[in-house]
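Labels A, B, C and D are assigned to the chains in the order they are written; within every chain, residues are numbered from 1.
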């Protein structure tokens, strides 16, 4: 059984300098209450792995604005001018990764694979400095697995075993990130009694989840 | 929209010598009506990729008994003495693959990856003849992707767009196989009107499914 | 009819029933407005939905249902929610029938550059590299030249999106098909002559004897 | 108390609340019968369920809910259905806290052989190689010797299941921990002496000064 934590209690678990996998796509499906608690706490130096940094004032954008992000691994930062500005000012290091490669690298980290062999990025700047392998006459880039110290994910609902359901386009990176971190903190909209989520509806088994945020008020 | 086919119409689509990915684990979650139709038709020479061959008289075991399987790629054949006998008699070629490696190889075939880098099988006979790669100081076997000409899968329910839901331990290899074949034939227990399966409940999007078997009578 | 509408109306003719189609943001997204009523397709938004619908009426937005540009959308009956792993599995595994993308440059090899201009803002590639590397058909929908400078060039000077030959280039002046032999001028836009196209194109073009006029939906 | 019950009762003490545990078929499956009431764990069946329950009453079997041996089971409240990719993702990604498996041989390196005897029937490795390569703790539960022949040997003569040192060997005579330095005799079974263990073991054993008696649940 998991006991539901307040957002500030959960944020306090995360040491300075941690590698954070954070769910969400332009803020949709991001753990907003947890992000607000991190901003309120002010401890940073984080490496953030996420699809994007949303916009200023939204989702992961708030962490960037607050100066808590030292390094970013993402597929897209074009809609957040503050991320751009900090990149140009040398205040944040950015590794850009094709979106499909990013999710497969995180999955590889989560399911114990040694890397990802993909055609995406071949012949582009993404190839620079990476090993290219020829397999049965086709060329593939070897991309390394990614894991986090923490995964901070959002879900539609949870039960007190930690089982999670997701909603529509708020799935995005959340189910995969739930597999790839030492500690997984899930922020559900609601928490249901154990047994109220049918086994076939569970998309993240509770055994993957370490901490639950209390439901929304 | 998909029109629902009778089992013998669906079986007739499958040429002699095809590579078939067939869902199921000891017969649970196998496309039983489709298998019966293949046995009734008697065309064979198939390469079958499946977790196991169940037991004589059950699921994929029926295809083996009927002599329709020339080659088998599976993780376990220990509970089907007929598969064993045909292997010893040289009537069927068998490639044994660790179960987790098998599902990842099929997934790689389905999602366009060049291979699977796994620690499973290292230091065992599974390693023989395969490339071993060292990545960041750890050793991994390079396992090749698997694809089929056809995937024959079972589902709990479908809609006429081909969207699929699965039930309990009848998921097994079905959702992954649905991604890894040129033609996917799904055998659902029931078929619902389009819109009756909520988007969040769909586990195989209908765009992956080419043909539906009519519902059970 | 402005250039963008010509392009969108021509690209719409490429979309056939039962396809899975991904439309990029901006110009490509206009294609959805011009589909004939009898064409029944699913649109994918790579952030996680198959069966993208139109914009919701004011006040009926769902915060968990947006497109890849972050705009609120609806879902059609038979839609499926997918996570990023499934979404890019579809794209990279060859399950996406067509992607329509904007372009900065296309060259004689048929290679596309559309994700960054060195020295300018670095938005990141998002899903573009996966889409161009993985989709069955890649259609570049773009105005023929940018401020008088040709965009169809001998060799891209901007960083490539993928080293893969795109399927078709559609501009307001022409439909051009990249082939093994080079860029073939297939159709002329409303009122455009071969000379107009040549004048606006710095790449070599193969000019067949008969070049029909573009048909628009 | 027979040998198997001694082993199962001793292994049961290794199972702690909140673990995810996979029990192999045969002897290992008996462990579930001896868990203390206050130990709250989830059992995984690798064919696709987390939260395996007991056997269903006669007539209440569900054809879509079986364990990895193909026997009908139930699911506990809070159970989750998972496909084979998730199931082996959990196993291979280090999310499985413990697997209990039978053994044919274990050697001084702590390497296990438990999937085939050359010259005999070839059952296939099923999930065994994934489990031994991937689980956090691997516990071998087996009778100490087979028909008078030692099973704990200097070096396995049977094909290995994985080149990974298992965590613990539990027999009716002893608890033995494979370590960097070799096999350490940790506990003695009911009525067994160091000499009994030595006589039934062909591998070298490291014998500490104090060796407590096995405690059983």
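One rule holds in what follows: a residue touches a chain if its C-beta (ideal position, glycine included) is under 8 Å from a C-beta of that chain, and two chains touch if they have at least 3 such contacts.
Given the structure is predicted, the values throughout are model-derived calculations rather than measurements.
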Shared touch partners for chain B + chain D come out as A
Looking at chain pairs A-C and A-D, which one is connected by more C-beta pairs in contact?
A-C
I'd like the Å distance between the centres of chain A and chain C, where a centre is the mean of that chain's Cα atoms.
29
Just give me the whole-number Å value for how far the CA centre of chain B lies from that of chain C.
35
How many angstrom lie between the CA centroids of chain C and chain D, rounded to a whole number?
55
Two or more other chains are touched by the chain A residues 104, 107, 111-113, 118-119, 156, 166-168, 199-200
Overlap residues in chain C, where contacts from two or more other chains coincide:
49, 75, 81-82, 88, 92, 134
Line, ring, star, complete or other: which one describes how these chains touch?
other
Please give all chain pairs that are in touch with each other.
A-B, A-C, A-D, B-C, B-D
State the interface residues of chain C toward chain A in the complex, per the touch definition above.
45-49, 62-68, 70, 75, 81-85, 88, 91-92, 111, 121-130, 133-134, 159-164
In the complex, chain D touches chain A at residues 20, 40, 42, 49-51, 75, 77-82, 86, 88-90, 92-95, 134
Which residues of chain A touch chain D once you look at their complex with the stated criterion?
1, 107, 110-113, 159-161, 163, 179-180, 194-195, 197, 199-200, 202, 205-208
Residues of chain A that touch chain C when the two form their complex:
25-29, 51-52, 74-79, 84, 87, 94, 96, 98-101, 103-104, 107, 118-126, 156, 166-176, 203
Name, in rising order, each residue of chain B that touches chain A in their complex.
104, 108, 111-119, 133, 135-136, 138, 140, 142, 144, 156, 165-168, 199-201
